[in-house]
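In the two assemblies presented below, subunit A is common to both, partnered first by subunit B and then by subunit C.
Showing the complex of A and B:
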């Protein structure tokens, strides 16, 4: 930890010397990173990217510091060759929050800046398409602002007042005139209200006639909506594709159909209440989600809450089982998308059930495990489970992986459909902040377990899976590679699993979290899952942000799809492996 | 199979048992329907994964004649609302419901669809799909286990068994006109709330 800090300080020093007037070290209690003047942001970020090799902008988010009348935009920068974080912050007045957009330097910031505009109302100057992304155009207000109040508001922070005062149940619906989760701004008159005309694009299938300049032939461009109810969008995702014949000319992803206000609810919750909510982010991988959140808050809590050895091993075992489960399902659904309707998915579901049996035994729930706690895990492995895991990782899973491999990998149709389709070059992948299998299939061997090790991953012997073509086929193959590496880690972890405590502290519901901020990240099955938490010293987080890998991987979707055939859209989307709970949060 | 259909009060001539059934029209009609309930292939959130698991080998929805999941609402009998319904998604859900032909059933799967669940207080979350479309069976859980979903599906079958051609709404003269699709304004606008909304507006004007 100390080594890292000195390295960081050296880095800071160089940057500070370079820009003595516009850069300051963030010296607030518990904070770290650099504060930059908004008008110098672009030039400094360009220097950081080109000269200091901070080419990987993983997360952009905003924080509303209501008491200070300030909005802050936080950038989390990394080097794509590995290493620790550089945090850069820009503060702007809350009354007129305008920050220059970084889309020109880091295209991966695009969706995240739109999200910050949508939810916090921070305007990014120079963004090519600064529209709402999770809510719809015309929605009243920016809901993540601290003074924005939702319909079913009961209090700033949980726990709320008694729900059963004097034995009578009080329902929040009764306080609303419509009995529903609805409020309208003052002066809203439905008769004179004119709907915001959503872009013509989104209205439905439209045909635009275009005359080709060279030949003078008139061709038709067709706008097609795929989704939000579509069997191969993996949930409620929508792609608006402009087609000419079969070729994709343009593509606009539309999301937010599962925006469940994770962050607003998270900021009302106490720290430990958020753990079960993280289960529901990426609902295939609740264990990994728990892992990331626990690590983030443990960073704030300090050394005393470092989990004991046994808990560390159990955490790794569960996280790696989750990765195998997720990749099996990703492969199954991907084959679904290619048209192998449901048979490969059924094979994948079979293996998933066996892993879910283990989760159910240890956590009590199949999908929503809520298993990790700050400082450990909630309960020890029940009897017999160790043996069951051992059987799985030494026998069943390697065998089944080989079987799936035998059926699918050399398959003529799979190769024909996916090779050289939807190519993402390494440079593009880094620029679009792609993470996880998508990044590694493009030839960038960036795995947080290696690049910036957390927990006890530095003890295990495994290879970072990497493929070099960046096409759909490689994104499909890399999941097999990762399953095999996870099995290797699991075999070592289950052999070395020590006896002992599973929780560093006494079980508790409330934690007094010291003031400060923390960005924790894990290599989830879908890529870098980051949590940004700001604590103001109370029981509830002041800011709680999730950097969702599926959401940011979608930034590059348009680039991958341009010029491809419409039938490939579904394959490309399937190869990214998104989960809407995480995309929309 | 014929024995299952027989009405006990009619005696079947000896020698013909097991080959002939004497039954009522309702009974044979419902018997056909209960074993061919086609659910819509329509996943909203986490619960959809458990719905797919139910279709998988271990739980096997096909045992109830339900393995054919159709992505088009025009071919479906059952809408499984599997997950959190958001305000942004609600117009589509209502539209899908309207597009389903009668007889149609709705199963609300999980806490979110039934009442908002853990996300009830969210600004973009509809606290219960039953505020907009009629629900036949609620399955609690977050998410419900596949066993729970199967139980819910069996309850739908029971409901079908108890219906009679004489009374069911889709054979009446008065046809249901469908549910008005909500509109996205500054917040979700349910057109059925219009009178109430206007009333409130007028009250305000009077006060001013």
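Showing the complex of A and C:
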């Protein structure tokens, strides 16, 4: 810990000496990182990227400090070769929050800056397409601002006062009548509204005639909407593709159909209430989501809440089982996208069911596990489960992985459809902040479990799976590699599983969370799942932000699809493996 | 050779097909619609397809399984119900979706608050089955149920579970969660014994 801090300070020192006037160390209680003047942001970030090797901008978000009349943009920087965090912050006045856009330096900031504009109203100057991304154009205001209040409002924070001791139950519908629960921006009429940037798209398929410069031949460009209702998009997700013949000239992902403002809900909840809500982000991987949130809040809580040994092992076991089931599902549904109608998917689901049986016995629910607590896990493994896990990881899962491998990997149709399609080069992958299997399939061996170990991952012997072509086929293969590595970790963990306590503290629902901020991240099955939490010392988080891997992996989707055929779009999207619960939050 | 990969894959599907039938023939009538058959299909040695034919067959629920909460009452010898809930309000405070409403009972004469709920309501449309209420209840008065077949035609009225609907006897609780029940009874007995010992010392 101390070594890390000194290395960190050395780094700070160098940067401080270089820019004595524009950079300060953030000295607020519980905060760390650098505060940069907005007008110097671009040049300093360029230096950080090119000279200090902070080339991996994983997370961009904003915080509304209403009492100080300030908006803060927080950047979380890492090196793609591994190491700990460098936090960079820019503060701007709340009345006119303008920050230069980093899209030119880090294209991966694109969607996240749009999200910050959408939800917090921070303008990013120089962003090529600063439009709403999760909300729609007819939405009034910026919902994550602290002074924004929704039409149906019960209270700033939970618990609400009318629940006890004189609770009188009422249905939400009666207080929130349909049609009266919405406000529009000034001068906005939903009846006559046609979105100006998208008017082409809403008319369905539209033909645009273009004359080719060289030949003088007139060709037709076609705009095609894939989705939002389309089985291949794994939910409600839309891709707007501009085609010439079958070739994709341009592609724009459109999301937000499942948006529920998870973060606003999270800021109203108490810290512990957020745990079951994280289950619903990536609903296949609730255990990993719990893990990330628990780690983040434990960082704020300090040493006293470090989970005991047994809990650490149980956490790792559950997180790795989650990775296996997620990758089985990813493989199965990728084959669905290729047109292998449901046989591979059902073989994958079979193995998933056996893992879900374990989750049900351990956590009480198959998908919405809500199993981790600050300082440990909620209950010990019931009798017989250890044996069941042991049988799975020593016998069935390795065997079934090999069978899936035999079944699919050498299949000529799979190879023909996916090899050399949707290529993402390593440089692009880093620039677009791609994470998880997408990044590693492009030849960047970056796995948080190794690059910046958390929990007890430094004790296990495993390899970071990596593939080098960056095409759809490699993104498919790398999931097999990762399943095998997870099985290795599981075998070691289940053998070493110690006896003992499972919770560091007495079970509690109220925590005294010290003031400060914390960014915690885990290597989720889909990539880096990060949580940024700011506590102001009260029971409820001041800011609660989720860095969702599915969402940010979509930033590079356009780049992967350009020049490909329209039939490959579905395969490319399937190979990223998104879950809309997490994309839209 | 082109096409070999596809053939290999088809071999795997054929094996799955054959496995399922071989298992069916080997196990005979015992594989389906029997408890042992269901249990066998849940182990990791199972082969072929292991679909459970719900609702004719059911998965045995794990003890930890949780669905919407219910209130526990103890039965006296003369059939009198004593509700464990003291209307302390912890469950409604920890509830993430704020779906629990409790009205504390008052003494009709002195209008002092009593340690029992006059009304207890859970809107199960809001309930997210997280189990926090059962987890943090200091009196073991609210527990998560195993009954998950709650589909109704009219959710507005029916899906608000009020006190009468929520109350279930401790014997029911013991039947769905025997291990937790035994542990709780043991802990209670210990507390009672300690109290008795202290009184004896005095």
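The rule is simple: the second predicted complex is superposed on the first by the 547 of 585 C-alpha atoms of A that agree within 3 Å, B and C clash if a C-alpha of one lies under 4 Å from a C-alpha of the other, contacts with A are read in each partner's own complex, and residues count from 1 in each chain.
We adopt the following convention: contacts are C-beta pairs under 8 Å (C-beta built on N, C-alpha and C of every residue); 3 or more make two chains touch, one makes a residue touch a chain.
Keep in mind that this is a model prediction, so the values were computed, not measured.
S.K.: Touch test for A:159: subunit B only (first), subunit C only (second), both, or neither?
M.R.: After superposing on A, A:159 lies in contact with subunit C but is clear of subunit B.
S.K.: Give one of first, second, both or neither to describe whether A:191 is in contact with subunit B, with subunit C, with both, or with none.
M.R.: The answer is first: A:191 touches subunit B but not subunit C.
S.K.: Once the shared chain is lined up, is A:260 touching subunit B (first), subunit C (second), both, or neither of them?
M.R.: In the superposition, A:260 contacts subunit B only.
S.K.: Just subunit B (first), just subunit C (second), both, or neither: which does A:343 touch?
M.R.: Once the two structures are laid over each other on A, A:343 reaches subunit C alone.
S.K.: Touching A:126, do we find subunit B (first), subunit C (second), both, or neither?
M.R.: Neither: A:126 stays clear of subunit B and subunit C.
S.K.: Figure out whether A:500 sits in contact with subunit B (first) or subunit C (second), or with both, or with neither.
M.R.: Neither partner.
S.K.: Taking the superposition on A as described, I'd like to know which of subunit B and subunit C A:138 touches: first, second, both or neither.
M.R.: first
S.K.: After superposition on the shared chain, which partner residues are touched by A:277: those of subunit B (first), subunit C (second), both, or neither?
M.R.: After superposing on A, A:277 lies in contact with both subunit B and subunit C.
S.K.: Of the partners subunit B and subunit C, which touch A:537 in the superposed model: first, second, both, neither?
M.R.: Touch partners of A:537: none, neither subunit B nor subunit C.
S.K.: Subunit A residues touched by both subunit B and subunit C?
M.R.: Looking at subunit A, the two contact sets intersect at 154, 172-173, 276-277, 350, 353, 368.
S.K.: Residues of subunit A touching subunit C in their complex?
M.R.: Per the touch definition, subunit A meets subunit C at residues 154, 158-160, 162-169, 171-173, 269, 272-277, 343, 347, 350, 353-354, 357, 360-365, 368, 370, 378-379, 382, 388, 391-392, 395-396, 403, 406-415, 507, 509.
S.K.: Touching residues of subunit A toward subunit B in the complex: what are they?
M.R.: Listed in rising order, the residues of subunit A that touch subunit B are 134-136, 138-140, 143, 150-154, 172-173, 177-185, 188-191, 193, 195, 228-231, 235-236, 256-261, 264-265, 268, 276-277, 280, 283-284, 342, 345-346, 349-350, 352-353, 366-368, 580-581, 584.
S.K.: Residues of subunit C touching subunit A in their complex?
M.R.: 2-6, 8-9, 11-13, 16, 42-45, 49-50, 61-66, 87, 89-90, 92-96, 98, 100-104, 113, 119, 121, 123, 126, 128-132, 135-136, 144, 156, 160, 162, 179
S.K.: In the complex formed with subunit A, which residues of subunit B make contact?
M.R.: Residue positions touching the partner: 41-46, 48-50, 52-53, 55-58, 71, 83-84, 86-89, 92, 96, 116, 118-127, 131, 142-143, 145, 183-190, 193-194, 196-198, 200-201.
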